[in-house]
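Listed after this line are the structures, all set down as structure tokens.
Next come two complexes, and both contain chain A; in the first it sits with chain B, in the second with chain C.
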Partner chain A sequence: MAFAAFASTTAPTTDAPARRRSKVALLLLLPGILYLVLFFLAPLVSLILTSLQAPSEFGDIGMYSYAFRWENYAAVIEQYWPHILRSFGYALIATVLALAFSYPLAYFIGVTARRWPLLQSLMLVLVIAPFFISFLLRTLAWKQILSDESFLVTSLKAVSLLAPDAHLTGTAFSVIFGLTYNFIPFMTLPLYTTLERLDLRYLEAGNDLYASGFHTFRTVTLPLSMPGIVAGTLLTFIPAAGDYINASRDFLGGADTQMIGNVIEANFLVLLNYPAAAALSLILMTVILVIVGVYVKRAGTEELL
Partner chain B sequence: MAPRPMPADPMIQQLIRQARQAQLGRRALLTGAGASAAALALAACSTGGAAQPTAAPDKSDSDKTLRWDNWALYIDVDDSGDYPTLDAFTEATGIKVAYTEAVDDNSTYYGKVKDQLALGKDIGADAVCLTDWMVGRLARIGYLQELDHSNIPNLGNLLPTLKDVDFDPGRALSVPWQGGLTGICWDKEQFPNGITSVAELWSNADLKGRVGVLSEMRDTMGLIMLDQGVDIAGDWGDDEFTVAIDELKKQVSDGQVRNIKGNSYKEDLVNGDTLAAIVWSGDIVQLNAENGDKWGFAVPEKGGTIWNDNFVVPIGSAHKANVEELINYYYDPAVAAEVAAYVNYITPVAGAKEAAMEIDPELAENPLIFPDDATLAKAKVFRTLSGAEEQTYGAQFQSILLGA
Partner chain C sequence: MVTGAFADRGADLELVGIQKRFPGFTAIEHLDLVIPAGSFFALLGPSGCGKTTTLRLVAGLEEPTDGRILIGGKDVTTQKAYQRPVNTVFQSYALFPHMTVLENVAFGLRRRKITDARSLAHEALRLVELDHLAARRPGQLSGGQQQRVALARAIVNRPALLLLDEPLGALDLKLRRQMQLELKSIQEDVGLTFLHVTHDQEEAMTMADTIAVMNKGRIEQLGAPEQLYDLPKTAFVANFLGQSNLFTGPVLGETSTSITVDVAGRGIVVPKARSHRHAGDVTIGVRPEKLTLHRENPVADSSHNVMGPGRVRDVSFTGVSTQYLVAVPGIGTLVVFEQNRSFGPVEGEGDEVWLTWNVEHGFGLDDDPADWETKFVADTSTKSIAAQRRATLVTELEEA
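Now for the complex of A and B:
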């Protein structure tokens, strides 16, 4: 199983005898190192250099030259702090919602359905099935389902669950909905791989010791599924914070639901303000690194990384 | 051993010559690698202020090909996916045309090719059709080749109103391909009396949250400024722009305008999210054809905008004369009418209406494809902006799109 990697908290340790450093090992590492230098380190350096550029003196729109303009960072934070906050807020809500939906689902597939292997495989296929259709098409389909004249919205209005002049597309609701929907499989699969290995005898032991079902869940199941929760939340939160499709005005978002990805896109493609786009990308990257670092440390699952 | 004789095909000869020139000794290779690494480092540091690129030498005489980048659904296509007018052109002139629907947005296309343009390199296209304001930018920076009008005798058929434009006086660098009007459309079922002014878009309470405007700054801001009595083609500045941008900001924050969109506004009209909007004429012709004449379209009394997508030859192209021949061909009124019958936009070729009358009288009568003089009189061109204006106005407009 490809996803087993998420579940194994203790990697098998090989106690091979200490070898003297051979050039062969270095040679074998070379392709990997080259790859990282070419496709990670070089772009990162270029990104940092771009983020510090200043407009060329006699240049036209989109022309910048090399400088050390640290003000670029202050300027983008001042202008776009609501988008930065909004991105992490939306990502957090979507992650919590995805966890709330995925945990019971993963528990059912991984624990309850153990007796029926066929059902188990079938449900796993159903979780993965949406990936057979493009992410963009699925999001566009939701835009149609949530549109003003759709069956859903007209029925909600008919039963007064929605005000007559209210709408769903272009609101924070539809953006968070889209994020949650699109990232649920990334939450469900790692959860499933940990819950699938849950030793049911622990639960029996809890029962034997007169613990209530909830108590057993809280003190046994939940801690044992922690690696899955951490992996799932990371796989959801990180891409959700940088997502720009769901919040895009062409999909589910509106003018006041734009996230940091949309700001970067606009600065890069329309305004040709490359330093601002690069600075925002680096800020996004740094904030995610800090949040994830603190989270993983608090969750106590360093082995996972 | 005697060298093998060169093959007869001139293209293969050219390739062999290039390959020979490219052969390098080991030392040259190493110096080259060092130099290119240094150049790469420099290029990473600077994206502007380079020397003016110069036009590539023309190879049109020996190389009868050209590559044309254009927007989607912007030329006649038959059922088998061929382009009848292009095939006829190849038959008549022997010039093979590689036609690509490579442009889906002016800014994105510019972002893709600007680095090659700055170096004067080939961008992979010899003719590109871009909108007025983008042509203005390319002309300002010096990324275009001058067209030889003596190779384009049919240019005499260009509509007189389009002969002198402020971004390209005398049409030295660009020639219109197709154009369109920006006006207002409305859902005819919900609003049988029509919505025909920008002020009405803002004031009609039934339209709350159901108004759409375009993410193309010059069209949306142009219509708003015209509604406020500004002559957008004339002399205006920051003050007029600020008044208009404040109005748009107010309408967005009040929720009258729900969304600001590019091409995807069509989906919102079809699914009913948008009931009235600032739109492009050609799209409404197409949407009405697909959805049963559901929308009305009008250029507001106070004015709408008119724009053109123009042929330009990028600085690195080696097939300028071939492109001139292509432009000349499409300025034949009969050919222009054939294209107009398919693309639903406004042709810049005088006499095309008469030619269209012979193909399809109904088409020739359609005021959105062949607008009458009264409509054209209301249509204004957004004046060309300087580089600095483009930057500041663009940033102000984007900040509304981003809700900042």
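Now for the complex of A and C:
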């Protein structure tokens, strides 16, 4: 009896603050939710609807009416599948290259340079420094450096490392180069944050247990830096796959290096084929989601948390 | 790399003229040490005395500035850590967080390409009674369990030499006792050579066959625990390994077997065999539990030393015994441990007492009383540490 009485009186009093707290939480979340609905969910719905539109029967170019034309998807895949493949191919190569450049750099800043904090800060500033100049300007600068009349290309031709009629701009090489260059900081910074926290005592333990430097790196350092690798590759791969600056003809690309971003841009702004552009955007988004989902699952980084 | 077979028994370790300097300070002055195969050896000392550096040198995680390291008669000074037949139980355990307990334990075996790594790892985990947690990750274990995994990960490799770096530091008293016993029995079972680094004198005494007391980068005294306790050679050992009452005075006279030291006007007799110095100013001492308290001035007797009268300044009851602090005019404060044979403290605060001890229980130190004072103050006050640092810096500059 006594227990029952106790329970009945205490239950509401302990519940009430919890309920109040959940209301406060909801209130605090409201701006975020509103923002997401307004600027993510609504455009997404609009994009899906646009992708299914059909040309207006008596309309001008660029006039479309709502329909359910799923054929739009089949049409864009049929027409642009090389661009889609190229986008992911370039993004993959650029990601791998950026990782190969960034890992030693991040390791040096985060582990080797620990004893010299000043050097560490200086190198971090140097990694971030390019952000102070517009990404467009930097890419244009590379266009200058890689152009046919540039010192680099004429020198390469002079020593016969490049054929006399070869170009660097407008090739797959320059597009991938541009992508790699532009995304290296996005790869380096997350790698640095994981490696900076790497407990060197684990490496000593590895050495103590008969693992040489290389084996310790493979079995201890690399798995422990997996969160940084996953974050860095995602931050590089996702934007690189949808990038349209580097591959643009105005920058480092050419007619044969167009990526899906360039196609979407052309369809929206030049051809005024909104359904095709929307369908391509959604395809890009879905493929990225699937790739990222599989990747994160395979990388097994949740075990490290 | 050491592949294939296990070390069939422990190997002896020999350090010859080891010196280790870091930028700015010298961790080890000059160290010569031989640890016989199959022994349980403890390096005991306060933090910063160079004991962990010694261990890291043996493990190959640091390189000596000078000197050689021999394991089982083989010079390993130039070998890398992964090439040495040595395993370490780290103070921080350093268990790989991305591997299961079993993978952690099997790590060394896999690297050495030992065939049935899994079953051997399970066996080692059974030894530390953690086989049921083999599939967990280290982060899911308690501190004590992690410590046992770290131990299993090291001993599963049957290293010729096992290094223990304060492995029990993070454990509570009860678990500590339990692990001390387990470690000791494992050592006896597998017959490996253990080198144990600790600042806990009790731990060193209960576990080790031989203790080396280290201070400021050198070994002060080396011997069996009871030998070190019974006959400390220096004031540092006398005070680091248990407590001591120390007195300084000139030698008044000597017989064929003993010397008499003048301590504030009283003649204190110490056997010659138990005293390192027989002339001039000497420091003598006696352990607190060897002292007996008397309410009346005891009758003089050639087999006992008498001191007093003094006043009891503090009484603290510790269960098994009672600790008295007795202030004796002209000498200072003495510590006395009395067993609680009947019950509770016998004397009260402010009581007048006399102290006696058997002549055979006194000991004479090897230290020169002249530098005894400076040596002692140095350990306690920051001011004198600063002064000492300054002095060493000045000498270093003069050398250069």
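The rule we apply is simple: the second predicted complex is superposed on the first by the 279 of 305 C-alpha atoms of A that agree within 3 Å, B and C clash if a C-alpha of one lies under 4 Å from a C-alpha of the other, contacts with A are read in each partner's own complex, and residues count from 1 in each chain.
The definition used in the following text is that contacts are C-beta pairs under 8 Å (C-beta built on N, C-alpha and C of every residue); 3 or more make two chains touch, one makes a residue touch a chain.
Please read all numbers here as calculations on a predicted model, not as lab measurements.
Upon superposition of the two complexes on chain A, no clash is found between chain B and chain C, which fit side by side.
When the two complexes are overlaid on their common chain A, residue A:Asp250 makes contact with chain B while staying clear of chain C. Shared-chain residue A:Tyr202: touches chain C; no touch with chain B. In the superposition on chain A, contact is made by A:Gln53 with chain B only, not with chain C.
By the document's definition of touching, of the two partners only chain B reaches A:Tyr64; chain C does not. When the two structures are aligned on the shared chain, A:Leu224 is found in touch with chain C, with no touch to chain B.
Looking at the shared chain after the overlay, A:Gln144 reaches chain B, while chain C stays out of its contact range. Comparing chain C and chain B on the residues of chain A they touch gives the larger count to B. Minimum Cα separation between chain B and chain C in the superposed model: 47 Å. When the two complexes are laid over each other on chain A, chain A has no residue in contact with both chain B and chain C. Against chain A, in their complex, chain B makes its touches with residues 44-49, 105, 107-108, 110-111, 114, 137, 140-141, 208-210, 215, 252, 257-262, 264, 267-268, 271-273, 387, 390-391, 394-395, 398-404.
For chain A in complex with chain B, the residues that touch the partner chain are 45-46, 49-50, 53, 56-66, 79-80, 82-83, 140, 143-144, 147-150, 165, 167, 169-170, 249-250, 254-258, 262-263, 266, 268-274. For chain C in complex with chain A, the residues that touch the partner chain are 1-2, 59-61, 80-83, 86-88, 90, 92, 94-98, 107-108, 111-112, 137, 153, 157. For chain A in complex with chain C, the touching residues are 199, 201-202, 204-212, 215-216, 219-220, 223-224, 226, 303-304.
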